[in-house]
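Chain nomenclature is as follows: A, B and C, assigned in order of appearance, with residue numbering initiated at 1 for each chain independently.
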Amino acid sequence: MYDTMNMITNTILGMTSGASITSVLSTASVNETMSVVQDYGADIANSLLVTNNVWMMVATFLVFIMHLGFAGVEAGFGQAKNTVNILFKNTLTPIIGILTYYILGFNLMYPGFAEDSSGWFGFAGFFLESGSTADVSVGYADGGYTYWTDFLFQAMFAATAATIVSGAVAERIKLSSYLIFTVIFVGIVYPLIGSWKWGGGALDMMGFYDFAGSTLVHSVGGWGALAGVIILGPRLGKYVDGKVVDKPGSSVPLAVIGVFLLWLGWFGFNGGSVLSADPGLTSFVLVTTCLAASAGGLGGFIAAYFMFKRLDLGMVLNGILAGLVGITAGADVIEPPMAIVVGLIAGFLVVISAVTLDKLKLDDVVGAISVHLTCGVWGTLAVGIFSTNPDHSFGAQLIGVAVAGAMAFVSAFIIFYVLKMISGIRVSEQHEKEGLDSHEHGIRGYTIIYE
Amino acid sequence: MYDTMNMITNTILGMTSGASITSVLSTASVNETMSVVQDYGADIANSLLVTNNVWMMVATFLVFIMHLGFAGVEAGFGQAKNTVNILFKNTLTPIIGILTYYILGFNLMYPGFAEDSSGWFGFAGFFLESGSTADVSVGYADGGYTYWTDFLFQAMFAATAATIVSGAVAERIKLSSYLIFTVIFVGIVYPLIGSWKWGGGALDMMGFYDFAGSTLVHSVGGWGALAGVIILGPRLGKYVDGKVVDKPGSSVPLAVIGVFLLWLGWFGFNGGSVLSADPGLTSFVLVTTCLAASAGGLGGFIAAYFMFKRLDLGMVLNGILAGLVGITAGADVIEPPMAIVVGLIAGFLVVISAVTLDKLKLDDVVGAISVHLTCGVWGTLAVGIFSTNPDHSFGAQLIGVAVAGAMAFVSAFIIFYVLKMISGIRVSEQHEKEGLDSHEHGIRGYTIIYE
Amino acid sequence: MYDTMNMITNTILGMTSGASITSVLSTASVNETMSVVQDYGADIANSLLVTNNVWMMVATFLVFIMHLGFAGVEAGFGQAKNTVNILFKNTLTPIIGILTYYILGFNLMYPGFAEDSSGWFGFAGFFLESGSTADVSVGYADGGYTYWTDFLFQAMFAATAATIVSGAVAERIKLSSYLIFTVIFVGIVYPLIGSWKWGGGALDMMGFYDFAGSTLVHSVGGWGALAGVIILGPRLGKYVDGKVVDKPGSSVPLAVIGVFLLWLGWFGFNGGSVLSADPGLTSFVLVTTCLAASAGGLGGFIAAYFMFKRLDLGMVLNGILAGLVGITAGADVIEPPMAIVVGLIAGFLVVISAVTLDKLKLDDVVGAISVHLTCGVWGTLAVGIFSTNPDHSFGAQLIGVAVAGAMAFVSAFIIFYVLKMISGIRVSEQHEKEGLDSHEHGIRGYTIIYE
């Protein structure tokens, strides 16, 4: 027993005197280790927040540059006598979009509907939260990003809906009417419809899916464009004796710059719509987006070649945009081979749609309705056909298209109609013939004269 | 007692034989755990460094693209007969800026003033550190970013100061004189003034605040432009019989491309000036920057409409730039609603300033003085008015504006004056009339001829 | 002994009853801590993956925008009567590049050669992996990035090789022949040569080094351009009575936009070729890239000034591109001062090369051969001279240049020759004189007419 006692005693003394064991057993050191480990946990979460936020800021920049892309496409495809007017609209549009979204749009689109509430309208108040509360990083899913980034990314989106309208109604709309329309459409109509899905409202509850906005952004803008074109009527001399008269754009290089910038920007539009820097999902979305754009360009090329027997650059460019609009609703749930199919079909559709609109004497200067409405609808329905997510259904997609479309078209129609009644929305015949630039702005878009 | 002994024995044997306990108590395993935890600490710090560095590189790209933005604005607003000359200047300017900043500017701007030294001049030697020492990542605050990124981000800034001058003195300055001016102004004057605040020198000690350079970059460039315009005199035929003669720019679309690229670039200019990817602060800065730009554009639109009764795209564009310059000094300390106020006032000021300069027969081709000097001063003072940081004072801001302005203006004046004495700084009357392109470059900017 | 017993008993009881000690010794708490620590390990690795992936996606965007850069340079330097044709090629080229790389190029370039196999040909099958396996993030070195990002970054590279050819053969090549050439060159020739080095094939085994593709991308494209120019012959009226006739480009601003976008894009081309966001290496590469570009522009400026006594903007622009191509092979292993030397020499070489080609009546519309072939070879050899890595040798570089060059030139020559035999590769004399736009496309690039 004495031996046993000695063994026990030695063991215990060995334990308590042994340096390494002591260090574990000392309360201070244990707590310290635990605390360091906990701090690391916070640091890691913070690290993911930082990276997500960087990604979302990059995406925001890319969506911002889409506004220059739209300006390029519209000024490039528009006639030289109206270049300044078009650019004026395209410069004011993001300004109006950002400011109205700051004032009310953001809180109208994300009103914080109650869970399972099937909301149709909500409003979280004017302006943003004040710095003292909002400056602190607010976490969304999986690391999150900040409140400020959230606002700015969404604000960049908002203005695109109005820009889409701008291209269609160019060369004849009165600037003041366009600006008033834009304030209302971007400030109220767009965020209201957006709230139904992205704000967690009624369409979201119905199972409608629209990843980055084939419907909520593009077809909403496209419906607005259609309403505008119907109320405005075609440009003078566009449809003569049953024939469509070409109105050559001022600068094809400018249109090409615009389309490439839009393609670039779409990487942020779709890539940022993941709402985190999740590596698998963001890069998957970029691949489907890029393949659909390429296939769309190819589709536009092929369709135009067979329909017009011409190497039609305009249709290649619009085909690229068509492919991008088409994949936008399902960029995260459509496999690459099917993304090519979606893009290719969008490329065909944009050509067919453009021809059809001309037959109906609906004069769309840059093809905005064919790109954003026709292919926005197509892309939304394509989710119902090709989605890898079994929860997505063609029926729900159709409902979403119809509900958002009805609201967007009717709202835009009413706004344009009221403006027409009150102050007119079309410039005088003389101004339209001579060009809007010399009358409304007093300068020319290009002054390339050598003395 | 035997029971007690048994209990003790069993407890100890249980402890030493129990697998989980043993694993904790074994020295190797404990050390391993501690070591893993420590490695994670280093990994987490590294992870933040990596992300900061990515953000700062992105910001560097954005500031780089501002040089294309300036080229677009200047070539767009300049006359077609001088397009190549303007673009030549705008292409050489970043080249000179980057190379001189590499040779001496960086070490002149960040000389490593001793703590609390109130330094006015310091120089850390020519060129960068060699790769063997510098290739290792050097940490700045909170994770840091690398030495190389630090250099490149700052190098991109440096050249902007000279570019600002370039726009004002265009269409009549002799190219050789401009290039020599640029070497001295970017290589020495800009970094010297910068060292007083960002290098931790005397202005920094006085409590002067300039977040991203309303004064240190923009008004410094603006003062240089003012000196140049005074010494050069107006373009031939600009002021005739007390009237201001319009000299139409070659391409409004080009100017619009330029302004949008500058807006985009400013996200990096201000966002990168946080000097880390701190999510709250970077995204806050982007929001104030973007709101001020929008409000500036709106302010330019409104002011021009009331002063000229015209929808003046040029003033909307310069208003955007004015808003951006205005918010630059305080983008991190001015709340969003006040950022809008700062931008809106900047938009008004840019129009008033342009009119005033024309009255003084100070001929600034692109409005660079109004944008960068007037609004640079306004933005710096606005920090004294709107800053959320109680340490910032109107007095300190005024001192900073005056000290930096005096140095920039006097230096630029002396350089231009000496150049004028030695070799002349203005092209011949014939060259100016016929355009600089055919004489200095032998080609035209645009050759849009169809045979 | 009883005292001893008491001491022991108290110690043990103290141990087992002490709160802090107990918490360490409890199996559950220990396991939990270990598990948390292990999770953090995974989170940290994931965090690095996320950041790497963000960086590689940004790099992908930048390489994408190079296609707009090439479009700008080529349309800007090309004659106005061929603008649409040039832009058509430049729009279709990335479309073809991305789609063929998706179909087969990626798996031809990265066939998974066996270790130490010295492979010359391998093919990992058509299309990409399906989503179910590939959607999961796949790790490469040090944190890695995803399979999708890997594909897209490389796809953006692929199309550049063909774009290089496009600029040289512009204004006279039949569009259908160019498109067929592009499909084969980008789909097969480029990835095959790439596999020899980047795919881990034979050239890699021989010690050849090409960081981002001075040889594998630029000289491969340059050799293709040379073959095309030889087979096509010069434009009508380019070389008359032993003199070189200037064919003024349509828009210098467009060329400047193109070069700045290429410079911007190169930050992604080289920066992304690090294949991770490694902060030291990525930022080092950006610095050498930027310094070489600047030095190249300066070199082109100086060389043209002494050779032509002219301030030659075209040579400054091509000098910038020359510097960029020159540093591409060794951007990660050449110190900043030597990067300036490499760029400066590239700037000289591009001027000498352009003059030499004109003497040989090799008509290259935009100087693509001088920029990409001459300076691609120079840059690759420069690694053998200036590399900080002692494993790099001039001999191995020379072998790489020769092997890749032989394959690229012979392949391109055969493709063009066969196309010439089958269907002709040159447009009719009348079409060339009147411009390709009116004949092949039915529209003009610029319509700047005021009624």
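Quick note on the criterion: a contact is a pair of C-beta atoms (placed from the backbone, for glycine too) under 8 Å apart; a residue touches a chain by one contact, two chains touch by 3 or more.
None of the values given here were measured: they were computed from a predicted structure.
By the residue-number overlap criterion, the interface of chain B with chain C counts as different, with under half of its numbers used by both chains.
Annotation, chain A versus chain C: rotation angle of 120 degrees from the Cα superposition, expressed as a multiple of 5.
Centre-to-centre, using mean CA coordinates, chain B is 29 Å away from chain C.
Chain contacts: chain B has residues 5, 8, 12, 24, 37, 40, 44, 47, 51, 54, 58, 250-251, 257, 444-446, 448 touching two or more partner chains. Contacts from chain C toward chain B in the complex involve residues 5, 8-9, 12, 16, 24-25, 27, 30-31, 34, 37, 40-41, 44, 47-48, 51-52, 54-55, 58, 62, 79-81, 246, 248-253, 256-257, 259-261, 263-264, 267, 271, 277-284, 286-287, 290-291, 294-295, 297-298, 301, 310-314, 316-317, 320, 335-337, 340, 388, 433-435, 444-446, 448.
The touching residues of chain A, counted against chain B in their complex, run 1, 4-5, 8, 11-12, 15, 18, 20-21, 23-24, 33, 36-37, 40, 43-44, 47, 49-51, 53-54, 57-58, 60-61, 64-65, 67-68, 71-72, 75-76, 83-84, 87-88, 90-92, 94-95, 98-99, 102, 127-128, 130-131, 135-137, 145-149, 151-152, 155, 175, 250-251, 254, 257, 440-451.
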